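In what comes next, chain A is part of two complexes: it sits with chain B in the first one and with chain C in the second one.
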Partner chain A sequence: MSKVMGAVNRKDGRAKVTGNATYAAEHQIPGLLHGYLVTASIGSGQIKSIDTSQAEKAKGVVAVFTHKNPPKIFKPSNNFISSKIYEARLPLSDAQVHYGGQIIGLVVADTFEQAKHAAHLVKVEYETQSPLTEFQKATFKEAPPFMGEELKFEKGNVATVNNAAVKIEATYTTTTELNAPMEPHAIIAQWQGADALTIYEPTQWVMGSQRTYAELFGLPAERVRIITPYLGGGFGSKAMPWPHGILCAAVARHLQRPVKVVLSRRQMTVNAGHRSETEQTIGLAAAADGKLMAIAHDVKSSTSPVDTFTEPCTRVTPVMYSAPNLRYAQELAIMNVGTPTFMRAPGENPGMWALESAMDELAWSLKLDPVELRLRNQTQEHQHQNLPFSAKHFTDCLKVGAERFGWKDRSRQVRSLLRDGQLVGWGMAGATFPALQGVATVKVRLLPDSTVHVLTAGNDMGTGAYTMVAGVAAETLGVSVEKVRVEMGDSQLPDGGMAGGSMMTASLAPAVIKACQDVLKSADCNDATDAWAALRQSGRAAFEATATSAPPEGEKKWAFQSWGAHFCEVTVDEEIGRLQITRWLSVMDIGRVMNAKTAASQVRGGVIMGIGQALMEECLLDPNIGYPVVYDLATYHFPSHADIPRIDVVFVGEPDLNFNLAGARGVGEIGITGVSAVIANAVYHATGKRIRSLPLTPEKLMADFRALTADETRDAQEMKELIASNKSHERVAGHSQNV
Partner chain B sequence: MEVTQSTVSGAVAVTLNVNGKKRSLAIEPRVTLLDTLREHLGLTGSKKGCDHGQCGACTVLVDGQRVYSCLALAVMQEGKEIVTIEGLAKDDVLHPVQAAFIDNDGLQCGYCTPGQICATVALLDEVKQGSSSAITPNLEHPPQLAELSEAEIKERLSGNLCRCSAYNGIVAAVQQLVGQTPPSAAADVMVKEMPA
Partner chain C sequence: MNNFSYSRATSVQNAVQRASTDKNAMFIAGGTNLVDRLKVFLDEPSQLIDVSRLEMKQLEPLASGGLRIGSLVTNTALADAPEVRRNYPMLARAILSGASQQIRNVATVGGNILQRTRCPYYYDTAFPCNKREPDSGCPALTGINRTHALLGASDQCVAVHPSDMCVALAALDAVVEVTGPKGKRQIPFGDFHRLPGNTPERDTNLEPEELITAILLPPLPFAKSGVYLKLRDRASYAFALISVAAAVDLAEEQIKDVRLAIGGVAHKPWRSQEAEQFLIGKAANAATFEEAAKIALQSAKPLAHNRFKVELAKRAIKRSLMLSAAGGVV
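== the complex of A and B ==
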């Protein structure tokens, strides 16, 4: 293969900067009706009565649906193979209210304004019960397996380790977070009679959605068409149908009119998924040289009464560090909250927050460089799967990162650096995400006008998939990337797999390579230029080939995982509790990098979402009424321009040819893992405050550092010396800006 | 002149100047400029991210100034020049801001992008006209385009959220537009080459 990739501009850039990229709610459908959801204003209970008479009489209203007159929906098998919906309970299936904001009706009218107005005219009487929305009051039980994977493991015996030089045990918490894509969840459902359906909905999983809607309405899959060329972000929340989408499609069938439903930001808070809060206790035992003797990881998370989703934090425990004694377990509680779901690096993100915070605490206790502690303890095999990692370059991530950041110049004391009246701290942490690969099919067509057309029902939700597919095709065929046109996001195209689990590149790229090789073979040519000439001579319309990527060979031989290390500098103004990130470097080992521009953007996006988690993201519920007190983008804060420094991104390692013939492992999620730990570790370095609950909000940063650390004997001596010497503010922080 | 008919009662006749074209339509007074563009005029380039003036995805230019179109009623825009993302490119030639966003990978999912671009067009104009920001140290000496600092750019664009977080690329695009040399959008790739 010749090398034409490198740093390629986004293929879909022009459509997006001109406003020509059409998102779900924007398709122009004649005769479109607008639906507006009616949602429960209590956190738990039953609908005693629901009066829709006023709403029905309102101007422009076509119909109102509640549990009294639900549209017909079939129960899907919901097994991930033939169908999967986010929330197992079907919308409007009974009078029960399981969580605040649950969908209890849909008003359909001629215009959006009329539907919204009429939705507020629906009168509901409830029989309320006390909602359970406080994690501390929930009842936790052993969590079920996560997508077939046991969340419980022990090797050796952690309880018998009693000769450790240092033992750490601490509990780390995260709060409820929202995926909050910029494009609100939206759907247009249009029926062609009673047995053919077209859905315009952002979906990360085109063919999964097709199969699922087909089951929900008793249709063969090919009678459902999903059209979703552009998604305004999803981050895990747009892979399967949510209740609003199911309801919209059902109502459109009942009315035999196209209907559009767009969630408001308030509805986005509870009706489109979130990351559950977590409570994680990590125990570490180490010898004096830093070698880990034991790791214990116990996790609690919560789910809704109407589906089961466990935040699988312990997936990181057996892959990061080697210990002869290693144990983990997860528990789950049911609370009156909306259904939690996948959110960028589900499990790995909160898991790494806890583990990488604990490793930092251990490094301080051992007076050992946290980079060195990680180097000494990294594992060459997956300790649960008992398989070696395919192509692991975590060492390079740590060493290249440390060198470029200037890590050796750091101060070894907390509260020792001051710049412009603010405390300065440096932190580091590891990153990891498993490499997954699905089966994907791609069709490649060589056309007589010397262009290439690549078609697949895969999707690009901002990841760069359009560009990656074009680049791989261009490279394999030996043509410029401008010659390649890519069509995605339509269920009439070959099944392109899921844009989730960071697996789209690993799934699609091998299929693109194979299809391109096959099309040249079928033309009996070595490159596209010859093939185009042969095509024109033949008078045929196109040379084409279709290929499917196989599951990774040697699946039982290797464990596939990506690696990384983050380094950052923070400043803390303790008087007002302001925390700012001033410098950032991420070094990642993801196998082959398909496009240096879009891959960098993926890592930056992950890091910045992690900065949001660390600094501000928090969805709080009122413990009494069980209703979210966060209801839009002014109350749910995520980072804006002013919160974000330049994020420098470096990739190291080698193409992972044990994984697939493209050598690529995927890059969508690894960037966010470890981020909140790096920041908390840097905050500890800056302030001496070990904050173990996210987000790191001003009141935590303003707390007296002596109070925070008084009960931690390992820090006490250091603190005492520091306070006595009172020299902490004399040294001025400086760093080599050599990133 | 295109005329869009509406059967909605309570609707009033409005004529808007959008991207240099007169558009006459009948809409209820409660319809926002954003919903008018998206639902009545087929101009879906302006995005609805929050509908509350909190995310900036709906930013358009009204008489050259950036406006959150979800907080503006369409009936109040008569006689004003409205420019949306669809009105920036000249035929096939992209507006320099649009081209700079592509070059610097200042976009991912693309949903906030029209708002970010319209805000950037306005930002450049505001700086040219000598406007200060909340962090301008000396109000007597507002920054010139060429010396616009990274902090000034970020402050002046913080009314536009991006959940994919293409923030670095967007700031780099502005730096390029004011004649500075931004850092590369690409990562530093030290990964071994594919075997031949």
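== the complex of A and C ==
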């Protein structure tokens, strides 16, 4: 089983490019009604009055729901085992507005256009409070544990390290980033009477959604069916129900009609999660030979008033580098912002931005090759869990990467390379992500027409899971991949776990292998060809077997983690602050590579998303009104093709058979980690300028320029008068609609 | 979106006549800006008069040696036209640096000129905005204003004009030909767009019943060395933080004539005649160009987050003038 599978084309590729892949909002349901959200236009306060009379009279309108007539919803237990929703506060539960853009109503009409138009006619008066949306003004307190894991730790004593050759301490910041999947958040809810519900919704966790919707409506789980055969990207923002989904299903029950709600891009800027702003201070102390003596990592992030989510940046601190003294802690503040959530490599991504930038700063201070610095400080054990890493090949990532990139030929000085009048810089950084595995069940059926049918509720969020499952089944059964049909993403199929935490492959592949082996065993054959013959002879409809995979039981012997290294080249035209990434290489150790093609795509996608974070992504909020000033994919910038260089991806390592039968650790998230740091490190090499705040926009890259503060720009008195005369801050009433 | 009627105009006269009997009517051609605006309640017309099938799609040479561009010529067609690429390369480059290929394929020249400012506060009816709702206030002044105006703004409005094409047209002294109930009139490009002053709701001096029929480009031989430099937050599909259209006419290293317009700095494409006047007769070198850049930005009034644009504009101006003096790039 240890051989690396080849490059297999996507099973779902043709359906997707020809439009035959049906996404949630595209399902055609007879009698479908359309809901459009009414959202708050203030950042904090109470609804004083809400006038729905005009909306109710508008053509095609069936009903308008607000906090005054909320549909029936049961409070869920809201934990990961039984049910979990993104936002603990249920929609329309009271008149309070906790953040700009919060859902305060839903208009249901015969057509989408009628619903949207009527939503615009809802008039709201508010009692407005000044919203807190500025990170610098927030009050931070110790962060609670993240999914049961303490976000503070100390070994040794960082404070007593005083004989270091070099010490550095620096603060690194990231901005509010949006998951911004290509497929907007959407749901169709259809009730069969009062006690059976079918939901078409892009969810990364089909069975979790089933349990949660069941609790929300007081039903047994089997009375809820979730259908998600295709999902157009989620990046963590589609694992659980959001308020719009809960509201849609509740209203559909109330009206006893199928209802669809699709979020606008504008609404997605607050109602579908984001990555919180972060501020991280890293302290490093090292001996002259580069050996780390101490690592200290202090993190601040923010959450909404209605749920707690801490961006767990410190999860990388005990796994990357060995230090006898190591300490980390996280703080959290409540701000008037939408609820943040998981976004591709939550924690690891901003954590690696800070840590890998700091390691680069340390390498320059020590006049040591940053690759060598990392090689010297590798840790063979997880320093918090006190477990050795299984199948760790970080050394190969660094060495193979350095070799392929030509790292030894780099210039050793900053500002030392020029090409076509522009500064050129090289950078490198590490990458990491933990290997996670869930419980997953798969059914395999051998059919008399010489095909194989594989079924599981686990789904493909665009990563290539269909193809991976087909490939593993084909290999185990000894048939070609074309013979395998895979059905996924329906809660009526066996529980396939969650497409999150990069764990779908690790969860599903062992179950597929086992089910395939079992089906051959039950047929008493060595491969599928023999089994098909036996099946036809027997006259039975199918040979079938169901198998379940689970994380290793018993005492933990290993820590499982994936590793990588990125190398890049940038050019900087520093007079005008223009940066171009010109070369990229990523070397990854992810255990067994299940499909070279889709695995490389996952790494590339991660790198591209990381380039967005590094160079342009920023969801700015108006500080006075408390609402994002980005509203679509033209104003929330992420990379265009012209921003992206060729990205070379190389895999190293070996199957991690301590982890699971397939030896695969997953690859969805590791690609984005370390990306921002590599780019900032390359910018430092090019320009001599160390930029510690993301994104690296032109004003930060411009030579001999310092962006001034507000007080320094306009005369302070003039500014005060402006604020005093500005009526825009007094707004308490008007349209509620954010389209 | 409100309900409106839709019909096709049968001729320019027919379009104008119908518009003049309904002050809430709007013309539609490519619709790349208007349809978006309808969807977010920025415009609520009673009727849309589709002018996209009228005969205004010709590119014709003018007797003077210039070019007459029918207002329905698409952005793509104009940027691809050999006479534009050859004689007005800054115009081709400006167009190609804007929007996306798909948008440029349907967007018309007339519509490009009429696109409204893209201030995020204007685009969401949840925000107050003097442009949308006179006297409701301008949250951009004290809010997020990184991309906002440096020049010619008022305390009513600090939005910037978004078009790349218009920056080149301003530099090239284009003339807008319009037809109204009283017949044709010509508006010099510099007088077409307005500064916000106390009437930020008006972006142009076009009357509601007037239809743009053509853009006239006068001949300008030294425009062959013209350049368009656009600086932005990503390499494609982003509005300019700063853009510059520049052309320098050199004789013996002396500046005989020059054109300079800046985008991303004002409510209209900003032609800097002061800087042009300063440059004429001077030696073409970095110091002169730097001085001209200073003059162009001397009345800049930055806000809390856009101060960098003052410096960026100066550097972009100097770079563009240098490039044009060196022969330009296409």
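Basically, the second predicted complex is superposed on the first by the 695 of 739 C-alpha atoms of A that agree within 3 Å, B and C clash if a C-alpha of one lies under 4 Å from a C-alpha of the other, contacts with A are read in each partner's own complex, and residues count from 1 in each chain.
The working rule: a contact is a pair of C-beta atoms (placed from the backbone, for glycine too) under 8 Å apart; a residue touches a chain by one contact, two chains touch by 3 or more.
This is a predicted model, so every value here is computed, not measured.
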Chain B versus chain C as contact partner of A:615, first or second or both or neither: second
Touched partner set for A:265, first chain B, second chain C, both or neither: first
Partner touching more residues of chain A, whether chain B or chain C: B
First, second, both or neither for A:167, with chain B first and chain C second: neither
Touched partner set for A:20, first chain B, second chain C, both or neither: first
Partner chain(s) touched by A:639 [first = chain B, second = chain C, both, neither]: both
Partner chain in contact with A:629 - chain B first, chain C second, else both or neither: second
First (chain B), second (chain C), both or neither touched by A:577: second
Those residues of chain A which chain B touches in one complex and chain C touches in the other: 113, 634, 638-642
Touching residues on chain A, where the partner in the complex is chain C: 39, 41, 100-101, 113, 116-117, 120, 266, 575-578, 580, 615-616, 620-625, 627, 629-631, 634-635, 637-643, 697-699, 702, 705, 707-710, 712-714, 719, 722-723, 725-731, 734-739
In the complex with chain A, residue positions of chain C that touch it: 1-2, 39-41, 120-121, 123-129, 135-139, 141-144, 146, 155, 231, 233-238, 241, 301-305, 307-308, 311-312, 315-316, 319
Chain B - residues contacting chain A, complex: 7-10, 28, 30-31, 35, 38-39, 42-52, 54-55, 57, 84-86, 88-89, 94, 98-99, 101-103, 105, 107-114, 117, 150-151, 153-155, 157-171, 183-195
Residues of chain A defined as touching chain B within the complex: 1, 3, 6-7, 9-10, 12-23, 25-26, 28, 59-60, 110-114, 180-184, 230-233, 235, 262, 264-265, 396, 400, 461-464, 591-593, 596-605, 607-609, 632-634, 638-642, 644, 646-655, 657, 663
